[in-house]
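Below you'll find the structures, each written out as structure tokens.
Each of the next two complexes has chain A plus one other chain: chain B in the first, chain C in the second.
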Partner chain A sequence: MTQNPLEKERSLLKRGWWLILLIIASMIAPFILTEFYLTILCEALVMSLFALSFNLLFGYMGQLSFGQAAFYGLGGYAVAMFVTKVNFNFWLSLLAGPILAALIGLIVGFFCVRLRGIYFAILTLAFGQLIFVIIFKWHKFTGGDDGIQGVFPPAYLKSAMAYYYLILFVFLASAFILWRIINSPLGQTMKAMRENSERTEFLGIHIAKYQLITFVIAAAFSGLAGAIWVPFYRSVAPAYLTWIKSGEPVMAAILGGSSTFFGPILGMFIMTFFHAYVLGFTHFWPVIMGTLILIIIFLLPGGILGFAQEKLKERRNRQNQLTEE
Partner chain B sequence: MSFDILFNQFLSGIARGAMLFLVASGLSLTFGVLRVLNFAHGSLYMLGAFITYSIWKFLLIPVVGFYVAAFLAALVMGVCGVVIEFFLLRRLYSRGWPEQLLATYAIILIITDLVKWQWKGDFYSIPRPPPFAGAVFLFGFPFPSYNFFVILLGLGLVVFLWWLVYRTRLGDIIRAAAHDREMVSALGIPIPWLFTWIFVLGSMIAGLSGGVSAPFGSIGLGMDIDIIVECFAVVVIGGMGSLPGTLLGSFIVGQVYSFGIMFKPQWALGFIFMVMAVILIIRPWGIFGRPER
Partner chain C sequence: MFLQTQEIIKDFGKLRAVNNVSLEIRKGDVHAIIGPNGAGKSTYFNLITGYHRVDSGKVLFKGEDITGLPSYRRCKIGITRSFQRTSIYPKLSVYEGVLMGLLSHRGVTLNPFSSAKKFFKEEVWHILEDVGLADQANTLGDSISHGDKKRLELAITLGAEPELLLLDEPTCGMSPEETDSTMVLIKKLSEERGITILFTEHDMGVVFGIAKRISVLHQGTLIADGKPEEVRSSEEVQKVYLGGVK
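The block that comes next holds the complex of A and B.
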């Protein structure tokens, strides 16, 4: 049976009551959670946005980017520079993050969209590492290893609760925009390129052009995620651009299910809270992450939501067969 | 700029290229036959370097201690290769490439923490072993004679791999399997067995090159990503899975690095990427590579 991803998404949204429930829950969360858990929730939201932007490339366009953290980090650095060095308006500085990430994404993407599959993954990883090395070694401009400290938001956003609402708003707005993009003609083109790039090309669609557009959008939203996080954390460091960081959205997507819109969000929430829990007694997080990846690949292909949808569809098919009989 | 300085840089570039070839050839060989890109190749290299250090430190045999240690480290990495191929990769050949890539990425994370836990994330170095401890004077410039050892080893590996791939029965099978896996299997050749051995060979080359790199620079966390990024540049320039391509790519990257560092040390990697970008525009599949199907 052929499956239509779009139909799958719509059927999920039809049961939209849980979505409304979740949004209400996130609205009242700061009044219930302790400061520690509120911080983790902020991180989970920001990283979810990061994972969503990554999954635009991976889940929808079918290309695995292993250098997405470069754009996340660039967004963070742009805000940090504008706020600390030129004392720029905070809101305009926030905007500088996604703009810088999109510009660099345009340059990097220009080369990356020429390649597919493994080669695309290699090239994004290599470019990500290049950007990391530049920021790491350009000590005079970026602070090198030390990063940039003292990135403060304006006074009215200094409390964790106030900033949480900003993050929540940016997250919901971005998620909505990404949702609309995926269900727009551009989104259909992405999926077509994933399913069969040759046929898509024969339809008269300029593959490289649309892949570049998608790449830049993904870079911009990754940059936005970095930009919104840095003033909350008050500092930025080259660690934000490492390939370990690039691996996190990859893992979130496969954990939650890369074929679904909400999969990366679910995956990132599980990972972030699990990370906070694990850090309580060990700092060997990578080995746990690595083991988890292997477990998911072998035991849960398709991720949690992918697996759940598979089961749901099977049940529906069985019911359909019964009614037909 | 006089000739002797340029010649010195050229020779350093050759040595660096030889080092790169040692690592990238294993990566390229594995990919050529298995069609699996081993992200963890750099991690095997790093682990090989750390194990060489520990064995060297433990044995403390004069003169030949380092060579014995590097050889033993290669064997240990060969065993690691068996474990990785047999328990992980073998179950993933029928799956898509993203899963294969992710599995090797998971291995990176596990090896990184293993090294952090066992060697505490410190930096180590091994003195250059005799008879390559000193320096050779060329046009009045001191040139570490260990670099000649690395170049010789690189050339030795070129000859060995060429002989293996083009002059043996195993080589015939390797080339045939890279071309049409199903046909080879239909001829009664056990493909899983072949894959295991190729992966083991690749891992051993990684381990050996890690050991050889120890007196070349210093050993530390992060050397895995540094080398794998340069190896990716090598295979992208030369063409994935091609032996002559890897050789040419190593030579180019080594030279670009060596002369780039002369002008602006921080931008050496940037220069390599510029070359890569040019190649990608002209021939996206690399100089000796085959276009993707």
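The block that comes next holds the complex of A and C.
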């Protein structure tokens, strides 16, 4: 049965409503939340952007990158160095983050897209750790394990509230762009490569080229996430590039549902706020997070939103069958 | 001259899978490649589509040497294929699968901003109606029946708007009724869209029912090539192949 266009329109509107509500809520959040929770919200938004960029590779192109934090960290280091060392214009420094991440992504991706599955994951992990080690050891240039402190935004962005709106804007704009990409012909090609790369190649698609394009886009947005975070936190450290950091978007995507666009955002929000809350009374956060992930994997395969979507589809199918009968 | 292979050879270790095959496929023909299991039919397909590289010899398409072209380039210039084990997009809708071929062949896959669904609606529906899958357009690829999956793969390849379409056992695993309707469909596609079709098939009824030309491979060597009646009356073919069936 082909879907009635009018019905589709209506469901789109319905879908749009909760989104508009969420955006309004995020606009007024700074007036309601305490500064502590506003900081957490900033972190959740930045990490959500990081998770979205990661999920372009994982959920849409079907390859697990385990070195994505390298690009997040490079974005952060780019802005930190431009701001502190050469006293560069703040906005141009911000822009340097995604540009540097995209350039390094082009080099790393060139090698990684030749591999698939676990080999792709291992190679991204290896490159990620390589970049981490370079930054960690190159003390003279990067500050080594001290990192870089004193990365201040311009005076008008120094308050948490002002900077929150900058983060919110960057997040919404990036999410919108990524949303457009995954629904575009380019995004359709990513999904086709995920589903069946052999079939797609025999439709005339140069797989390595398109995977590289996706890789670079993902790296750029990861870099943007890192770049926007560092001036808020006022510092950057090599820990931003480690495999532990790379694991966070992986967990967020699995938790929220990698097959959905909003899944990684939900996953990251749960992780970030839960983390802040749990740290209030125990340091055993990884144990609790691990348990949560296990529960989700076993009880809600496909993640929270993935599972919900599946259930909704089943229900709709059942209703369709009933009306047909 | 449409497609021509000149003395192509392919070895897998010590096994010579395709041995010195020179063959011409004429534009507009429905051309069958037959032969017993292991005769080298699939390998021959793989050499034409670029899935494997030839060890020696040449593949020419419309006068152009395409021997060294990667498979995606061959597809761009008009050669598309189906696979023996059905190759579709399990988690994309039937509609999206067909759309993918069109997006690729018409060169818009680098567009990152427009909505993919707005492209080539008419063409996709036309193909879906031709293959009889229009009523399942929104169904996921892995939730349709086996016969429909085979037809979906055909539809996906049609999206790439091929001039030469290679079908590797297009009716494999189908019921007799499905086989009949598929053969009618293939004939129709060849006639209405002017697509040249090269196919392999086990079912001799199907082959002699639809093919304008038949080539017979045996142990990697071409032993006969011609009109169905010529092939049927060839002594060598009867000896190595048809004789065993009859």
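Assume the second predicted complex is superposed on the first by the 311 of 325 C-alpha atoms of A that agree within 3 Å, B and C clash if a C-alpha of one lies under 4 Å from a C-alpha of the other, contacts with A are read in each partner's own complex, and residues count from 1 in each chain.
In this section, contacts are C-beta pairs under 8 Å (C-beta built on N, C-alpha and C of every residue); 3 or more make two chains touch, one makes a residue touch a chain.
Keep in mind the model is a prediction, meaning the values are calculated, not measured.
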{"item": "Contacts of A:L186 with chain B and chain C, given as first, second, both or neither", "value": "second"}
{"item": "Touched partner set for A:I134, first chain B, second chain C, both or neither", "value": "first"}
{"item": "Which of chain B and chain C A:K85 touches, first, second, both or neither", "value": "neither"}
{"item": "Chain B versus chain C as contact partner of A:E201, first or second or both or neither", "value": "second"}
{"item": "Chain B versus chain C as contact partner of A:R116, first or second or both or neither", "value": "first"}
{"item": "Of all residues in chain C, those that touch chain A in their complex", "value": "49, 51, 70-73, 75-76, 80-81, 83, 87-92, 96-97, 99-101, 103-105, 108-117, 119, 134-135, 137-138, 141, 153, 156-157, 159-160"}
{"item": "Residues of chain A touching chain C in the complex", "value": "1-3, 180-181, 183-189, 191-192, 195-196, 198-207, 210, 213, 217"}
{"item": "In the complex, chain B residues that touch chain A", "value": "37, 88, 91-92, 95, 97-99, 101-103, 105-110, 112-114, 116-117, 225, 229, 232-233, 235-236, 240, 266, 269-270, 273, 276-277, 280-281, 284, 292"}
{"item": "Interfacial residue positions of chain A with respect to chain B in the complex", "value": "58, 64, 66, 111, 114-119, 121-123, 125-127, 129-130, 133-134, 137-138, 243-244, 247, 250-251, 254, 284, 286-287, 289-291, 293-294, 297-298, 301"}
